[in-house]
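Next, two complexes with subunit A in common: one pairs it with subunit B, the other with subunit C.
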Partner chain A sequence: MFSFIRRKLKYLRNRPKGPKDEFTYSFLSNNLRDNIHNIQSIFGNSADIVIRNFTFGKDSSYEGALVFVDGLVDNIFISRSILSPLSDWKDTLESKDNLIEFIEKQILQNPEVKRLSTYDDAISDCLNGNTILFVNDCDTCLSISTKGFEKRAVTEPQSEAVVRGPREGYTENIRTNTSLIRRKIKSPSLRIENYVIGEKSKTNVALIYLEDVVNPDVLKKLRSRLKRIKVDAIFESGVLEEYIEDSSFSPFATIAYSEKPDVTAANILEGRIAIVVDGTPFVITVPMLFIESFQSAEDYYGRNLYTYLIRIVRYVAYLIAVFGPAFYISLVNYHQGLIPTTLLVTIINAREGTSFPIIIEIIIMLFAFEIMREAGIRLPRPMGQAISIVGALIMGEAAVNAGLVGAPVVIVVAITAVASFLIPNQSETIPVLRIFVLILATFAGLFGLVIGLLAILIHLASLTSFGVPYFSGFTRYNQDSIIRTQLKSMTKRPEGIAKNNIVRRGSNMKNYSIKENEAEDRVGVQI
Partner chain B sequence: MTIAETKISGRQFMYSIICFIQASAILNAFISNITYQESWLVVIFAFIIFIPSVFMYGALINRFKDKNLIQIIIQIFGPVLGRIISVIYLIFFLSITMFNITDLTDITKTSMLPTTPYIILVMMCILITAWAVRSGLRVLTIYSKMYVFLASFIIILSIIFLFNVIEIGNLFPIFSLPLKKYVQGIHILNAIPFGELVVFLLIAPNVQMNKKQTYKYFFLGASIGAFSFFLTVLRDISVLGETFGMFVFPSLVAFRLIRITEAITRIEILFIVILIILLIFKISILYYVTVITVSQIFNLKKYKNIVLSVGFFLMTAAIVLSANSIQHTLAAQNGAPFIWVTLQIIFPFILLLISLIFNIKSPKEESK
Partner chain C sequence: MKKIFILVFLLLCSLFLVGCWDAREINTLFIVTGIAIDKSEQEGFFDVSVIGIKTSPSRGGSQSSDDKDKKIVLKTTTRSIRDAFFHLNLNYDRTLYLQHNQIVIFGEDVAKDDLHRHLEFFVRSENSRMETLMLIVEGRADEVFKMDVKQEQNSTIYLFTHIQTISRRVKHYKISVLNFIANLLTEGFHSVIPIFAVNKNDDDDMPINMTGFAVFRNNKMIAKITDLEALGFVLLKGDVKNTNRTIISYDGMVSFDFDDIKTKKEIIYKDNYPIKIKITIEITASVEELLGFEKYSIQDLNRELHNIVQQEIINVATQTFKYFQELKVDVFGIGLSIYQHHPKKWNNLRNDWDNIFASLEVEINPKVVIKDYGQIVSIYNPGGVK
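What follows is the complex of A and B.
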């Protein structure tokens, strides 16, 4: 019993204190002046809030007011679609009760008009770029869609350039982004769910999925996790990612991101759920499998046989990026017998002039590389080039000549660095794992490397992404893992992701044989 | 009380059995200095004699669908006597885990890291296996298929690479030894690679398979494992000839002989790396079984809390009690088979008999 009381007390002490409601006013009043006054006091006379009073109707018998945020709305559109029809209307109504309904149904020509009755709704609509119309003697107002703020055009994505394939990328506007996806999948079962996250930022977040393909367990989990988020603001999908992912301590990202609508659309078609956050061109998809990092959009647009090769190159590059320096250290420090004799002599010669132990050399080089990479990303482009010259000349050539590091170390670190660029989705994982394996290999050679490998494998096997095992998909049933099978025979969606609807389509498309070709030709001749 | 675990598939169970036998068999043939060049023949005989035990294990698993070995013992012999017998099993599991850890560190030390102290290697091994055990049975066995392919790959590859030194004549003459030696060899093999399969009785309740599949997967696993053991012994004898009996790790010596022009030489370390992976898998299975046994004896609800404590005990035991692999081999040849076979084959058989005679089954609903 005491433990029960203690638990209760603990709960009461640590109970999360939610923020108080910002608006204490609830329902609109009948009086126009009261309404305007309340709106003004809620916004605290902010400079960008515009309140436009006007009169209309026969002998200017009716009073009205427009409230909108300057910069979020299209001013010309407001005057053309709201003010001018209202001033053109020179008539009167028998009763004042249905004035607002009359305006909504007959006068306004906007496609999207809503009737609201609370301050909360009015304010949030206003802040989203709508114009609020108040009319005297009415306890409801109209929210008219007049969004028209500056936005970036659809351009080629910076982070995912392709040689062949669609070049459009997401923008910062949520509506543009959802429309880009809707344009790819014109199915009525494509669902878009809206959420508003962030106590202050009120960011719009949209879930997009295919109703008949999506795994309902994942959808349920995602909804409940989104509803549980209580934060001030969400500015980027990466922030949202950290709040909803399964294990935030893992070096591996269990949520995928993309800047290209065709990639997201393909993911949605496999049963994943896309999450579009307003204000960022990065759309995230859940659940993610490890193998997704090794797939790129171009794998499906190019020749099949070539993708076999390029996939294998990516996996090998990943292994090099993680295990390269560790392997080099264990060879040079512990297992010199594995190195061919001539190469061994070269390495010994190269290391003759250097004074540091090999681990220090590698750490110096890796650290220098990370510094240069970070500098190159953050600086403006012309300065980035200067950095690369400094890096190439000074870090490479001069460091070797000065006897700071041996030439083989430069090569190992360079190959490691280049290899890690092949898998952009895992670029944040690789440095962490590399250091972990490096330390193990320094102390126990290949044995340590194997222990590191096993540790990574165990960790990968125990990871999940929204309940779906992260490291799954390497089975022979998966038609798109280590190799991408021919599109004609890719008849199934990945297991685990599309739980109930695995079959993509029937396997009615075979390779066209010579006979069929001849038959087609004959038909062509007859026509 | 049952250990809450996600169930693994029957196939994974099979691959785990194969991998378990391969891990011990590839490395260390305990009969090499008893039956010499006829060891390959002994492997065949030993497996044929072991087959009834496989079906005995299968029958035991099927009779007690939701209970592991320790729970069966406690159900049949009651809580007090049952626990006393379980403690004997615990000592048995602890000692084979310990011996395998010693094997692993020994092969690492002799082949790769001659100057590294034992304690570092043992500690790394214990930490990684403890992590695997804590992650649960699914994670523990998920890579067994990959390991089996790796092991088969190195067996086949090493045979191909050693073609130039293989002499079939080394395998003969056969039936030249006294009968006593064959019996001894068969006895040892039934205890060490094959009899150790008794640990899978503790994993079986967490496997999803019907009665027919139990026999199928257990038998397939044991026979594929035995076949790879057979191939390894065959390779080592045909390569090493009369010297086969002189080495602690004949396979390691065989790997060292690989030499294809100047390009492929001294690659035994790469093979050893794969062997280490297999051995770590075996140790983690044994470790898991030990931890499960402890938690069953003390009736614990969660086994994950005691993983590290058992690990520290194993670490100390492996360093202090067993010095090296030669000791393992000696124990395997002289003392162990007589005690171990009792626990591995005779005692489960008694359990099966009692449950058949008194019609004890689990779960009870099935018996109605």
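What follows is the complex of A and C.
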């Protein structure tokens, strides 16, 4: 009687807050048949739920049942690690009270077994790929880890190909993904926190961070935002992103994503928090700075000077991608005096005989390009190539020859499009900004363009990512912004992101002169 | 959200407040590349001609247009330049666009009359650029537009390119509207403008020749200098990258390239004496052609060439200076340098400067370094050139 009240109180204390799910939270019964009946009624005779009744012990004196979801478990593993040891046990116990404990501790050989007392926990574990073992006359059950569903192997990421650097990418399995990160950072201060988000999907979400480096304010914010999410399902980290980001109305993404464990690991080492969502190979990291879009994994694996160059190329490409068409239209429609005479004549020659105003030409080409791109992405790869050929021929050649658009417009849109491919992280931002600036430039020429630039800068300066100013990466304290300084002199983590542990590496590393080389040769390197 | 609305509202306001709704489709523009101004037969009227590039549809990189079809010339006769453009805009389907105008060409008659009245428009108008080059043409300026140029799109672009090329060597050939107006407003300084003559000979493809400089007293052309005086002018002005001179002496003929000509003027005052001016001309010369001089050893030749070139510079510069003294125009800026360095003395001189300039005593002091004899050092004379 008292134990019942105690259990009831314990349940009430730990009961999850919020709306109740479809199955009621109640305790398991002593009776195996009742338990199985209840389970069956909760699952509503779903075809993939397997209930396996069996007997075991001396003279088959004990009854038991296994409940698992077909497809989520490894059947061979179940028979080898649960059924076979149970059927091999031909003994009896004096009291049935500690049977379940006996099975857990002495019979089962699985590394991960836990005892559950509610239907709620049993069903949740069952749906996660565990096998639930019910035994007659016991009011607890055992949840045994037997996950064995099909999963994709660790392969090279599709969206972040590298010439030099690790080629492994995340998979759809959360545990594989966390293990990939754990393999990169073998520090005991790496923390992995588990969350279950989604009333129906029950998606596993893991936060990964370095406890001694992470900014506690950011962590606190992130935890509270995750806890606040009440949705049916989370299938992709992008969905989660929208629920937790600071300003979902902004064209700029304030949460970074990657498909590569080395990128995530580097971010975690700088003090960011990685969020791994089960079912997607894209791991997101917070907080994000604007400059992160311009950094690539290979920047750190390649030569330092080349990185200087390529970073600058990326920034220029970004400006071209956003302001290219707007700049062209303001020059051609408002400030013809700024174009060199020969070029102006060439542009006029191309414009002669085309029927639309230049803004219409540009809009036609931009839309055609977006259509072509979308078609190329969605279609299977062989057909996508066909689309590119049609696009290149029709857009590039036929449209010009037919007099629909002038050749310079095709060139401007093409350069703009190619430039935007250099910064994949901003690929969803650039088209929005481009159209915004284009409209302003159409109405007011370079004046409009400058207004647009100022508006974008003001917006960028006011954005935050989990309380960290989004545009703060360009300060002089940041050793890795417009240019990547030498790794030896990159001694500090980005300010604002890491809080407790700013120093990243010692300053005792330097470029070795010939003298020092000779000295080392004489004495030998002392570590 | 409220902030965003305010931002959008301000953006829209700024769009409406800007007042520059002057978007023009470029295929409605007539790109003017040159303007020619001549005196009309009618008294008080001027012939204004503009030349532009004829644009034609180009598809897929192929452009089909005959060389002769590349230009369009529009012509009108009016009392003022502004009237001329108004009239041309009224009678032509496209809007005249002056910001790409490369050059303003004046006929000799207009230059001799009053140049300033025609330049006022180019300085004042927002559509025109003050950096536009200007030049004088012997005879009528619109003759230039009839020229058949093979290399460039039209004759004014040819002329512009030509002036750009030669001004890299001698910068005094490049006079813009702005330069000329600035010179007009400067005390103790008169201007020169390059003068060209249209080549009427159909046998060669060189449509126009540069003949020298037109010399201006204030806004009127009073003379033109050619060959020798032009060289003397260049030497006396200094700041020249490269020019050349062939000298024939008793012993043979030698052609020099003069590089990095630097000229220093020193003004010497003595009470009750005329002002004396000492002009030092520093030249680095190189021998480009050498015929004769067989009797000289290498060492003697250097000395002899040195003497020859120094004497030549003294002759040319003195002669040119005298010529300008006779004209009473100070194109070298001697008055300006007195004004800049001795403003009080200038106050006494300014009213009668032209006459004072005519009576200046001048001393030419050349400093020549012959640095280069070319690829061969020896003197050779296989055929015995006499």
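Methods note: the second predicted complex is superposed on the first by the 500 of 527 C-alpha atoms of A that agree within 3 Å, B and C clash if a C-alpha of one lies under 4 Å from a C-alpha of the other, contacts with A are read in each partner's own complex, and residues count from 1 in each chain.
Methods note: a contact is a pair of C-beta atoms (placed from the backbone, for glycine too) under 8 Å apart; a residue touches a chain by one contact, two chains touch by 3 or more.
Only a predicted model underlies this, so the values are computations on that prediction, with no experimental measurement involved.
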Checklist entry - So, A:397: does it touch subunit B (first), subunit C (second), both, or neither? => result second
Checklist entry - With the two structures laid over each other on chain A, which partner does A:457 touch: subunit B (first), subunit C (second), both, or neither? => result first
Next on the checklist: Let me test your reading of the model: by the given contact rule, A:445 touches which partner, first (subunit B), second (subunit C), both or neither?
Outcome noted: both
Checklist outcome for this item: Of the two partners subunit B and subunit C, more of subunit A gets touched by chain C
Item to check | subunit B versus subunit C as contact partner of A:249, first or second or both or neither | outcome: second
Checklist entry - Looking at the overlay, does A:357 come into contact with subunit B only (first), subunit C only (second), both, or neither? => result second
Next on the checklist: Under the stated touch criterion, which partner chain does A:337 make contact with: subunit B (first), subunit C (second), both, or neither?
Outcome noted: both
Checklist entry - If you stack the two complexes on chain A, which partner ends up touching A:347: first (subunit B), second (subunit C), both, or neither? => result second
Next on the checklist: In the overlaid three-chain picture, which partner chain does A:503 touch, first (subunit B) or second (subunit C), both, or neither?
Outcome noted: neither
Checklist outcome for this item: Note: overlapping subunit A surface for subunit B and subunit C spans 334, 337, 440, 443-445, 447-448, 451, 455, 458
Checklist entry - In their complex, what parts of subunit B are in touch with subunit A? => result 108, 112-113, 116, 120-121, 124-125, 128, 131-132, 135-136, 138-139, 142-143, 262-263, 266-267, 269-270, 273, 276-277, 280
Checklist entry - What residues on subunit A touch subunit B, complex-wise? => result 334-335, 337-338, 340, 440, 443-451, 453-455, 457-458, 461-462, 471
Checklist entry - Considering the complex alone, what residue numbers of subunit C touch subunit A? => result 1, 4, 7, 11, 14-15, 18, 20, 22-27, 29, 31, 33, 53, 55-61, 63, 97, 99-100, 102, 129, 153, 157
Item to check | Residue ranges of subunit A touching subunit C (in the complex, touch as defined) | outcome: 249, 332-334, 336-337, 341, 344-354, 357-358, 397, 400-401, 403, 407, 440, 442-445, 447-448, 451, 455, 458
